[in-house]
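Encoded as structure tokens, the structure appears first; notes follow it.
In this document, chain identifiers A, B and C correspond to the written order of the chains, with residue numbering beginning at 1 in each.
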């Protein structure tokens, strides 16, 4: 029974609306599937002991890389597993494989880690306790506790960076930040929401990826795909009936990648006399692909203001840090 | 007025998301349209006499054959007619024609029979009375009563077969049952539901066909289409907020067709402290098509366990029975 | 702050399901985006002063021309601005640009004017007061008042023309009205509705365009696109749970255009013991396009009954009037 509760497999065929014109499935579609699987398995787990019914709400998604493309007609195989539980949160590991149904070939697309918090169904402000899971080895619990402490720290840090607003630019120069920045509005409807009447984290991430994709395509005018998404913290809930504005601007370009910062602002203008607020923000990395699917060089971003220069340097820092981490991970074990 | 209440015509253009990569509209899309038309005409009829307002819920769909393919850009012409009413149920006949809008050519795609039961809008457990319809000939009423008695009997029978569960298989051999079995999870949202807050039968059937299609494509790795669906009984309602797991496994292959058994299990884990339960099950028959739309030979299913062998024989029985019935129907009238 | 409240920019990528087989985005998809932007900006404005919360409901859309085609993969740039406010209504101007993301080329697609009325969130029958806007010049207010008075008059006039019903025709002759007339049913679900539980005007317009497109394609059997939509008045609200029937018939053909009349009838059969009623009606103009996107000659409509002849003449009147207006607008300023 415990095994059944903590594991979940799911598959779905990718449809034309899940993909861009080149047939590559949007990163946002995949993020939405990942979050759905995570929400289902953690909600099921948190309700597995009799007690107050609850819904698991997404608190954080760790950095995710898109390892290989998925195409229209492929079957996405999604598996989710609960890998750690603290008193009030659940860590879920979700893996996505793309399966070419005509050849049977499967490839790993994503390996994502998500954190959920169980909120009482009757009182959304009440966080409930999470039933503990059994670990196969004691080490697994130790490592989980380490990951839990790390993400807790990072969540505190990002709470600070929240003030920025994106203003429209009249007649921007080519390859400047103003030239590619974009925004999208969305009226939150019932099918976007959980049983609590708050937006699913996956819906928000899909819209964020949509804006990031428009920014990237406007900058390099080619077929673009999501390469990775930095860790995202979901500090503020967004209620049904809100209008959300999702804005994106380019912050950094390397030779073959673009970093786009995306903000989500919620405007609860009808339901409550509350101010517009920043609900989420994140960094998306995009690459530009040739018709054969090879990465193309990216036109360099032209930074103008002091703020833009500072953000470019920050982006460069994140880029180099990720690169360094990846090289460490690829070194043979003997050198560690 | 009576004519107007008991007849309904509807058309809709088929979109890319309604179809597979080869451009063939999914059987599930067509089943969903059929059920929508049936639900509307029977709900309208059951509310036609002043009294307690109600919503008609799908109780059963009779076996349906897919007679010819429908493609993206075609117009689906759906017509529905009430053909029999008992004290508490309504029989609806739905016909679907596909219309090539560029040539004007129309072809019969489906001819389906559905049974609905009116449930009070205020109390979903209360079955209301159905206003009687007028029959053009007394024989029509007699034949309807016969069909009504037959389906009532069959509904009792299928209530029994419900226990099976599909387990994941590690490293399955090619063409075995474990190799193609698939499952899909779906969180029931508001747009899946009727005014009562229960899943539309058509939504369930569309998801069932989606899983069956993945099983069939995984088995024969070609373009596959739904050929027929066996009678489906909807014994158990599924409530908004449930997670449903739709699982499919291959049970039988003939030279040119595959039979897939599909189960729907509902997990009402949040709303009520209720156990996971089997809501629906059905057999789908699929064929594999060449690029020219001709049926291809199907790789034979490799059965291993005793259960698989038994299910294969049962499937063969259904296959032969259907084949025999079809030959009787095609004999000239003089021989009957 | 005022500037922020009265201006809104938005972009969205066009997907395969937004378009027909030839890749042209449906006029209805664009009308829906326009109405969403209008609803958001006017709802935001009407809630900008503390007071009773409200939702802005669409009362009228002025005649809209589709100036250039939009294709799958294009980015639709939607901007909305409040251009006039009366005591109880808001005029919104929405512009749509299509952007070819691979070349950066932008073209004006639509320039639409919509009127909204703020309805109390708690009592949908209560019309609230609209906060006044600031005008850059006094002339802008004067012109706005003129437009306000004009549309008020027109709304009274169209309230009359409402009785017509479309009946099915058995074996119609080619190119007759009966040959191409079409209808579509839709069960109003939660995602079609505002916070009040009434259908969004944009959802209705999208369905109307869908039916008009089927009528046009059935008549001329080629790729057809929306050329313009006459002013539409939204007199009657449509509630969640209703079934709506959208019917269309051709009324007039010129050498290169077709006029289609579309009716929306709502059937609130479950919720209230209310009669079926006419909620909206409108005239859509369609053109037929060659593979190169050039307008093709249209087969002439064959009118049979006296009613059809009268409607043809009325349509011709509208056609000539629009043509005359357009010629005036295109004259050089010196001749005015």
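In the analysis below, a residue touches a chain if its C-beta (ideal position, glycine included) is under 8 Å from a C-beta of that chain, and two chains touch if they have at least 3 such contacts.
Only a predicted model underlies this, so the values are computations on that prediction, with no experimental measurement involved.
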Equivalent interface positions on subunit A and subunit B, same or different at half: different
Copies subunit A and subunit C - rotation angle from C-alpha fit, nearest 5 degrees: 120
Distance between the centres, which are taken as Cα means, of subunit B and subunit A, whole angstrom: 36
Where subunit C touches two or more other chains, by residue: 16-17, 190-191
For the subunit A and subunit C complex, residues of the former touching the latter: 16-17, 20-21, 168, 182-185, 187, 189-191, 210, 213-214, 217-218, 221-222, 241, 243, 267, 269-271, 273
Touching residues (chain side subunit C, partner subunit A) in the complex: 8-13, 15-17, 36-37, 39-40, 43-44, 47-48, 50, 53-55, 72-73, 75, 99, 101-104, 121, 190-191, 195
